[in-house]
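Letters are used for the chains, namely A, B, C and D, taken in the order the chains are written, and counting of residues starts over at 1 for each.
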Amino acid sequence: MNGVHDMGGMHGMGPVKHEKDEPVFHAPWEGRTFALTLAAGAWGKWNIDAGRHEIELIPPAQYLRMSYYERWYVRLVELLAKRELVSREELETGHAKPGVPKASPRLTAGQVPALLSAGALASRRIAESPRFQPGQRVRARNIHPAGHTRLPRYARGKQGTIDRHRGGFVFPDTNAHFLGEKPQHVYSVRFAARELWGDQASPRDAVYIDMWDDYLEPA
Amino acid sequence: MNGVHDMGGMHGMGPVKHEKDEPVFHAPWEGRTFALTLAAGAWGKWNIDAGRHEIELIPPAQYLRMSYYERWYVRLVELLAKRELVSREELETGHAKPGVPKASPRLTAGQVPALLSAGALASRRIAESPRFQPGQRVRARNIHPAGHTRLPRYARGKQGTIDRHRGGFVFPDTNAHFLGEKPQHVYSVRFAARELWGDQASPRDAVYIDMWDDYLEPA
Amino acid sequence: MPPAEHHDHAHQDVPSDLALRVKALESLLVEKGLVDPAALDALIDTYENKVGPRNGARVVARAWAEPAYKARLLADGTSAIAEFGFSGRQGEHMVVVENTARVHNLIVCTLCSCYPWPVLGLPPVWYKSAAYRSRAVVDPRGVLREFGLEIGEDVEVRVWDSTAELRYLVLPERPAGTDHLSEEDLAALVTRDAMVGVAKVEYPKPGETA
Amino acid sequence: MPPAEHHDHAHQDVPSDLALRVKALESLLVEKGLVDPAALDALIDTYENKVGPRNGARVVARAWAEPAYKARLLADGTSAIAEFGFSGRQGEHMVVVENTARVHNLIVCTLCSCYPWPVLGLPPVWYKSAAYRSRAVVDPRGVLREFGLEIGEDVEVRVWDSTAELRYLVLPERPAGTDHLSEEDLAALVTRDAMVGVAKVEYPKPGETA
């Protein structure tokens, strides 16, 4: 979706503010929100793409006002309800509906190291060979899907060069909507800064974006 | 500037909400803000492009949160201060600094009808003939100025056809910054919806945008 | 626990003291001699009571009634509209676009909320909304559907993004069965929404019987 | 009259009851058997105390100290980094990009805030900010200048927008005069900011004398 989250190239967001000796979390609720999200995610009721999309669905004015972990909180509540781990009624009352058995087995502290060090591989084996070769000119497609996509708006319609093949990966545009993994080749594509931004950019600079096959067409 | 005000093509802004029998102003302060803006504008200390740009300078999260006339209020305060009709100190205290003579002559009620029916012509005579002719293919330039522009982001880099010549007009990109009127030809350009939005758009539809000469290059 | 906040996104959180701040600003500007409260009253009165979509409706009705006027209107909107005395602020450079059986026109301003004040008055909230400004150019048929207007696939939708100093008025299609109506009766049928392109003119008017 | 509000745009207006709401949500999820508070503690402890930029600094120092390791790191970041036992969540597919006298690399995620957790920990606020995400791709040199880094016109700036599942780590240039330092001493010089590409590694460290 062409959401406000897709902010590459926007002006007006102010200066970048660097905080010296920044803590990992600025308040205990941030850490709890982070941990709740990972622990609830361990039930496997959603995937990373669905999680990203849920944040994109926060209305733009609120998205921009909210801090990072406030967005995580909103996302967690929505995912719990939509994926039916918790009902809207339970979220409203703050208590489990009587008579519903406790979920099991939940993630334990002992399982945390293994969970984190395993991660979740998004790579997939793909039988067909890659459609594009390094050095080949390509164009990012001019698409404007209403759903989730990882093709940033500033690159659409722009020409670049295949830098290298990255391997096969789960396709976010379908996976985010639980419509299957549709794995496909991903390429690192080099876009000259001037192709993206015109003459104001340095003739030397470039932006590299990892692009799924479906995002590309021959130039 | 690539601001959040440039919202053609964005998703996530919700449904269009139509209000039946809508009043012109929803509260007295809206009408006063509207009228104050026009009356203060009659001093000629800013132009329409500077006024539009001042609204674009509202930070994105606040821009999206604010109602239309709240933006007008913020703009008016900023313009009054920047163009030195009122000092920041006076805006702070709410009172005129003692010893400063009253401004004169202010707009009177009797002058209102003439002010409104005259308007402010943005058209200008231009000696040179238009660079482009109806039917000619053109491309909107891929520019990303940090300042004011009226070339919407969704059209940049896209090809269209000159529909007709509109005449010569003041150039907003300079006028907004009090850098001169730089008048130039304006053309109505027809962009096929599919050129702008890809295959999801109707093959029949089109968007027409009035473009200043500086926004265009031959395709 | 309250549900996540982000569902009530229609709500615009206007600071409660905004009315007071506007009042304070007015009193400062009056004190400095910069504005005259009577001029403010006159400005408000103009757009609350004198200038509005009834102006545009008269233009449309005449174009329907008089082919010669319609030709002048489509050739030079500004001067044809000025025949009624409608002119000036935010209508200095008028363009009239005609709806037909093959073409449907829709007006928007994606960058702010440009609108032809002398013929339509000040724009309604929906026209100024982020929802309309964002979607009218990318999904005009979807937007029109929300307004209850289904545009056939054989009809071309033209969206006019009024980002320059040209201001647009849609000349709607004259409804069938109105041959016997006077220009004044015709004008009574014409709505603001039809002149922006989000509605058609209906006859008999919705809710009436023929 | 208060000045116009829109100058304090750094302020993010966090609802005062958010801490309470998170607490209530945790107690509901515990009540339902969905989460174990001890697991939450372990997750927080991991990123507050165990996983952070010191990991990445060790990787960088070794690449500086051992040419063979550097070659492995640039050829296959994921497995070379795994030699230290750093792997997993948000570092499953690692790419290391090398700064040289001719190329300066900068990492961003314009769509959210993707960041290589196993080597750098959780991202700082500035990396997640709208300001950084919006500007890093269109004005990288301006952003770097705000960080105090002036990149010469003869140097190519490469911005890596990590919008897919690849995660990036910048291998900074080894500062001059560090030949005598041990791998451990080298690691102590390497900052998080240098591994994102918004700083260079300095020797002696800023504030120290050689």
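Following the convention adopted for this analysis, a residue touches a chain if its C-beta (ideal position, glycine included) is under 8 Å from a C-beta of that chain, and two chains touch if they have at least 3 such contacts.
In this text, all values refer to a predicted model and were calculated from it rather than measured experimentally.
Minimum number of contact steps separating chain A from chain D: 1.
A centroid comparison over C-alpha atoms places D as the chain most distant from chain B.
For this pair, chain A with chain C, the centres built from the Cα atoms lie 40 Å apart. Note: centroid distance chain C to chain D, computed from Cα atoms, is 51 Å.
Here the CA centre of chain A is 35 Å from the CA centre of chain B.
Residue numbers of chain D whose C-beta contacts span two or more other chains: 1-2, 5, 9, 15, 21, 24-25, 28, 130, 138.
Across the assembly, chain A contributes 2, 9-11, 13-14, 57, 59-61, 64-65, 73, 77, 91, 94, 144, 196-197 as residues in contact with two or more other chains. Only residues 5-11, 13-19, 22, 24-29, 31-36, 38-40, 43, 52, 55, 64-68, 70, 73, 76-77, 80, 85-86, 90-91, 94-96, 100, 102-104, 106-109, 111-113, 115-123, 150-152, 154, 166-167, 169-170, 186, 188, 193, 196-197, 201-202, 204-212 of chain B touch chain C when the two sit together in their complex. Chain D contributes residues 9-10, 12-15, 18-19, 21-29, 31-36, 38-44, 46-48, 51-52, 85, 87-93, 110-113, 121-122, 124-126, 128-138, 140-141, 143, 146-147, 153-166, 193 to its touches with chain A in the complex. Chain B contributes residues 1-4, 9-14, 56-57, 59-61, 64-65, 141-146, 157-158, 197-200 to its touches with chain A in the complex.
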